[in-house]
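Next up is a structure, given as structure tokens.
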Amino acid sequence: MRPDHLDETPFVKLSGVHKTYEAETGNVRALDPVSFGIDRGHIVSVVGPSGCGKSTLLRILAGIDPATGGQVVIDGQEISGPVPNMGIVFQRDLLLDWRNVLDNVMLPAELARANMDETRSRAVALLSELGVGDFLNRLPFELSGGMRQRAAIARALLMRPSLLLLDEPFSALDAMTRDQMNVILQRLQQHERVTTLLITHSIAEAVFLSDRVVVMSARPGRVLDVIDIDLPTPRPLSIREEPAFAAIARRIRLLFEKEGVLAA
Amino acid sequence: ETKVRLGLDWGYLPYHAPIALGIEKGYFKDEGIDLFMEPGRGSASTAIMLGEDNYDIAHINTSNAAVAISKGVPIKTVAVYQTRTAASFIGIKGKVTLDSVEAIKGYRIGSTPGGSDQLSLRIFRAVNDLGEMDLDVVSLDANAKQAGLMSGNVEVISGDGFAYGAIIRGTGQEAEVFSLADAGVPLMGFGYSANTEFLESNPEVITAFLRAVKRSWQDAFADPEGTCEQGRAKLELTHKQAACVDYLKGLMAISDDPSSPSWGARSDEEWAALISTLAEVGEIQSPGAPDTYYTNALLPN
Amino acid sequence: MSAASNTVTATTSGPSSKVIQRRRRRILRNAALPVLSAIVGLIVWEVVVRAFDIPAYLLPAPTEVVEVLFNRFGYLMTNLGYTMFSALLGFALAVLLGVGLGIAIASSPIVDRVVYPWLVISHAVPKVVVAPLLLVWIGFGVKSGVIFVVFFTFFTIVVNTVMGLKSADPDLLHMVRSMGASPMKVLWKIKLPNALPNIFTGIKIAATLAPVGAVIGEFVASNRGLGYVLIQAVGSMSIDLAFAAVFLVSGFGVIVWYLAELIEKRILPWHASQRGQH
Amino acid sequence: MSAASNTVTATTSGPSSKVIQRRRRRILRNAALPVLSAIVGLIVWEVVVRAFDIPAYLLPAPTEVVEVLFNRFGYLMTNLGYTMFSALLGFALAVLLGVGLGIAIASSPIVDRVVYPWLVISHAVPKVVVAPLLLVWIGFGVKSGVIFVVFFTFFTIVVNTVMGLKSADPDLLHMVRSMGASPMKVLWKIKLPNALPNIFTGIKIAATLAPVGAVIGEFVASNRGLGYVLIQAVGSMSIDLAFAAVFLVSGFGVIVWYLAELIEKRILPWHASQRGQH
Amino acid sequence: MRPDHLDETPFVKLSGVHKTYEAETGNVRALDPVSFGIDRGHIVSVVGPSGCGKSTLLRILAGIDPATGGQVVIDGQEISGPVPNMGIVFQRDLLLDWRNVLDNVMLPAELARANMDETRSRAVALLSELGVGDFLNRLPFELSGGMRQRAAIARALLMRPSLLLLDEPFSALDAMTRDQMNVILQRLQQHERVTTLLITHSIAEAVFLSDRVVVMSARPGRVLDVIDIDLPTPRPLSIREEPAFAAIARRIRLLFEKEGVLAA
């Protein structure tokens, strides 16, 4: 559908990645072998029950925690440590307590020695777009939970990373603001073509934003299915009421129900 | 038997060995005294502690005692067993020559500000008409003087000649000693002072104590080697045997003969000279009557 | 863009006069109580000395100390000057050395294990006692005072710095590393700011110890400074003069302490210790 | 109930032998490097002394020191015993006093402002220098050693404790207060555990300073302990004996340090400083 | 509908509560005067855009932050500080790093000197029900984000508080686990009749769980409407697909749209 579908190998490729946390109080098997790929410029979402290893997967992809086994290849290179030129939003917002909002967002620019003036105006623009423009020179403790999270999103987007990893980035946002964020993210993706891995707990969000959805089982996480979303892009919010959309969402929900995750 | 608390001027040193010997031989018991000895950290603080009734009698430098008395510390000197001050300039032979006041002016002198060192130096200057700038004095803590001299950071130090001379010879070098007494410094050496209250209520105990001290020193004079051996063991002296004997013999050379009836007595003139000199250099502000400083009446004979 | 900015209306403004007024009142209260406490202490001391007729060679009354302070003002100030010089220079070096070593130790497990034991030893050696021996090597004069201050104070800074640097949130470190931050940048942008509260704890302790170190250095070997004044005064039983000197040293230390606290407040407004009601 | 527990399958188990083995290897490496570093240092020292023919009264070779250590073993051990006693007793008191005062200061702004200045003063007074006065006030003997240790070490603990207590997350405090926690419980269940890393920093510094304080206390006012040995040894230029004493004191200090580190590791496995790769 | 509707005065009553944060960098008006009540044993939800002052409202209710003006009355008493016998889940999970999961959940019991053995079995039961039963003796850093949040919920429920304040308690949970939590919370509410204030960003969740929904405007927060939910209780999850439910949800969404919060 998109021109870069012509690329034969995916930009990100996970093969048999698995993870066991070892500790004195006992080991935790967090991730059974998982394999899937993300094509260049695509958004792939991961959905799965809480504690199934989604964040673990993201940390392995980011080169933060080593996998116990398996292989992660990004842009043709097997990773073995932190990969630069990534934008990450962690599950916790991880703002620096001692920097105001603007300086927090500017952090990646400082770390990468970017053109500061130019980047600063992008930072301000991003923050305004995300609705935190009034709080540029406030310290993080003065922000609401959702505002903190949006500042963290702005930080991840700042440097136009070649790979964006988002761990439940909209979890602290109300439905309305969340919809706005979805629209903004989609627009950005259309313009900047950032390869993105999105962890989310909203099936609707996953279907709305993604080219592909990875559905995981309960702990230890295993891939139940990889579903390509063939809805046309750009998608309006109203697509969520269309039957094709509902069908995909139902298919995912059924997967979980079959696995016994949902029973109530 | 009376319990007597004896305060010392410093941690155990060879010149405390005779007392240990006397205790061992029962000389104090013979006098009906149960002697309890406690080391100190300098004559000045021991003098105050004596005045504060921590001790009954103390072995301290007579100059420090005099200064304390002039400030109102309730003590009195009852015996001074050195014939003259041991205060000296000491250097290492071959490196320095200390034969005249002029010669001393040329060296860098390590001296402890405060305490008996400072007294000696001031009086030396006063007696020899030297100005503040005529001597090149570096102030060094009491514990740093030897080290300063040995390492060559200073060429000369001030202190008791017998003590530092013994240390230098202990390192296998020869000592060069210039005695301040020879340069007209009218200070006295070590002696015994007593708490005034104790002195008034127990004069006979003091006499008995001094009698035992005298007997102990007689033995020490007769056998410095034995005294050192016994003292080194009992007082855990860190001096080597040879250095200890050297030290004791040096002190004996400027001490009263312990078998002499006049042991421990300094004349009124000597005291007058001491007090007026201390007043001259400003160490004593209001001298007061000489008999507040000392008494020879309690000496044994 | 227009959409979201609607949720943000112009409802933020500058600090109100009420805030400023409250702040001023707080400063006054913060300063008044310690001063009051000190004054009460001095009065009690004076009364005790007079009531029990304590001789001046044991404990001079504050008024006597003040008298000496006035009478020998020039002398004391000159020597205070020397002491301050050693203290400040030594303290500055100690901060550099302490933070530097702290960084090295926290950054490298090898340095940690090879160098730390020696620092612990240098800290565990009774410096005053071995000073005479040290002097043999470093000689004396101004530098011995400064060196003394450095030895006296740097370890506290090292330990607190190491603790602070090691306390950085591991996830935060991961994040900036995956932003492509070099170890230097991680240190500079994350670890050090994060360690500032701890470093300040170390610095505050060290700052107060610096004058003490300088005095002790002078005490062991120097012809000037308050340490020299002190040893001379104590030796000749001029206890009032000794107290005047002690008063100046500790006064200097206390001022340095409160200065450090002030700077801390300015630099760390974001830290829990400087916010919140505890 | 049945619903959710489905998401939790039996995938947790005890520590594997690999973990245990790795742990053992880490301990070995942690211990080996510092020891190696110390041994290399001693060898360098020995070689330097022999190469430059430095006289023993200036700097004895390690072998000479070890010789004295053997020859006067009983004497040194007896005195080490006294020093250890003062150090441990004083340290225990200092921890009690330091943490107690830290709690009082962190809990009450009034106590903070009234008492803290006096603590700062007590810290800012050069204790060694006023020792002759202390000697006259406190007298001679063990108690002066203990008092010295307390004065020497408690302030570091106070400052670190205050810092730790004030660093508790304000929201956490709010939360437990709204659970009905009394101030005592808030202190005990939240503030103190939260302050433990800081308190430990203070304790580690203090623990290493305790033997130093004891030695200095003995140096200025005691007729036993390693401090007394030192003053005697330095006075008679028995530098080898002095070094043996210093060696014992600092060895004691270093052991105490690593002991405190070990305890820290056990008690604070949850803290960032004890986890993570830095 | 419920018997305690007979109670004339609500258990919790807010009258004209407003809040302005004062700081050196400027003041923030977080909350315009807000008034509403919560009847004894009822669940009231608050929905509103991110940064509108929901958490601020909760903190005022909990007696943590003082209101700049207005009155909060709980059970007939005007509050002026922390109110005991409350269960609170903050937006951040606020687990104690140094306690394992079980001990974290037991914290309120320790603070209230409860019967420890009995409470411990309740704690274990709660944790198992919430799906964290396998991690009782793990430290918080070993948990996933959603597991931490569930532990915090268990802690709030432990002492059967008379008032439960929940600040986006399910934000870190996937849709499936979240549905389970909704069911669990509803069941609990049926059994234990806890008066509850629930802040949520899911309109569906608010309607599903609540007796009343308070809809707030963007910052500074103002009450747009208070909507009584007259759907019968207990409600099955499937009620969300019914027209009556959808109508209420749409009404709330329309309120936001009219206010200009949603525009994309």
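Note that the chains take the letters A, B, C, D and E in the order they are written out, and that residue 1 is the start of every chain.
Rule of thumb we're sticking to: contacts are C-beta pairs under 8 Å (C-beta built on N, C-alpha and C of every residue); 3 or more make two chains touch, one makes a residue touch a chain.
It should be emphasised that the depicted structure is a prediction, and the values quoted were computed from it without experimental measurement.
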item: Common touching chains of chain E and chain C; value: A, D
item: Dominant chain pairing [most C-beta pairs in contact]; value: C-D
item: Chain of greatest Cα-centre distance to chain E; value: B
item: Averaged-CA centre spacing for the pair chain D and chain C, given as whole angstrom; value: 19
item: Centroid distance [mean C-alpha coordinates] between chain C and chain B, Å; value: 42
item: Centre-to-centre distance between chain D and chain A (centres being mean Cα positions), rounded to whole Å; value: 47
item: CA centroid of chain B to CA centroid of chain E, Å; value: 84
item: Two or more partner chains touched - positions in chain B; value: 42, 44, 48, 52, 143, 146-147, 150-151
item: Contacts with two or more other chains, residues of chain D listed in rising order; value: 3, 7-8, 11-12, 58, 132, 136, 169, 231, 234, 271, 275
item: Chain A residues counted as touching two or more neighbouring chains; value: 23, 25, 28, 49-51, 92, 131, 177, 180, 183, 261-264
item: Residue ranges of chain C in contact with chain B within the complex; value: 55-58, 129, 131-133, 135-137, 139-140, 219-223, 228, 231-237
item: Chain C to chain D touching residues, read off their complex; value: 29-30, 33-34, 36-38, 41, 58, 106-107, 110, 113-118, 120-121, 123-130, 132-133, 136, 155-156, 159-160, 163, 165-170, 173, 191, 197-198, 201, 204-205, 208-209, 211-212, 215-216, 219, 227, 230-231, 234, 239, 242, 246, 249-254, 257, 271-273, 275-278
item: Residues of chain A touching chain E in the complex; value: 21, 23, 25, 28, 47-51, 54-56, 91-92, 131, 137-138, 142-147, 150, 168, 171-180, 183, 201-203, 237, 256, 261-264
item: Contact set on chain E toward chain D in their complex; value: 59, 62-64, 81-86, 88, 90, 92, 94, 96-99, 107-108, 110-112, 125, 128-135, 139-141, 159, 177, 180, 183-184
item: Parts of chain C lying in touch with chain A, wherever the complex brings them together; value: 1, 3-5, 7-8, 10-12, 169, 171-172, 174-182, 185, 189-190, 193-194, 196, 268-271, 275
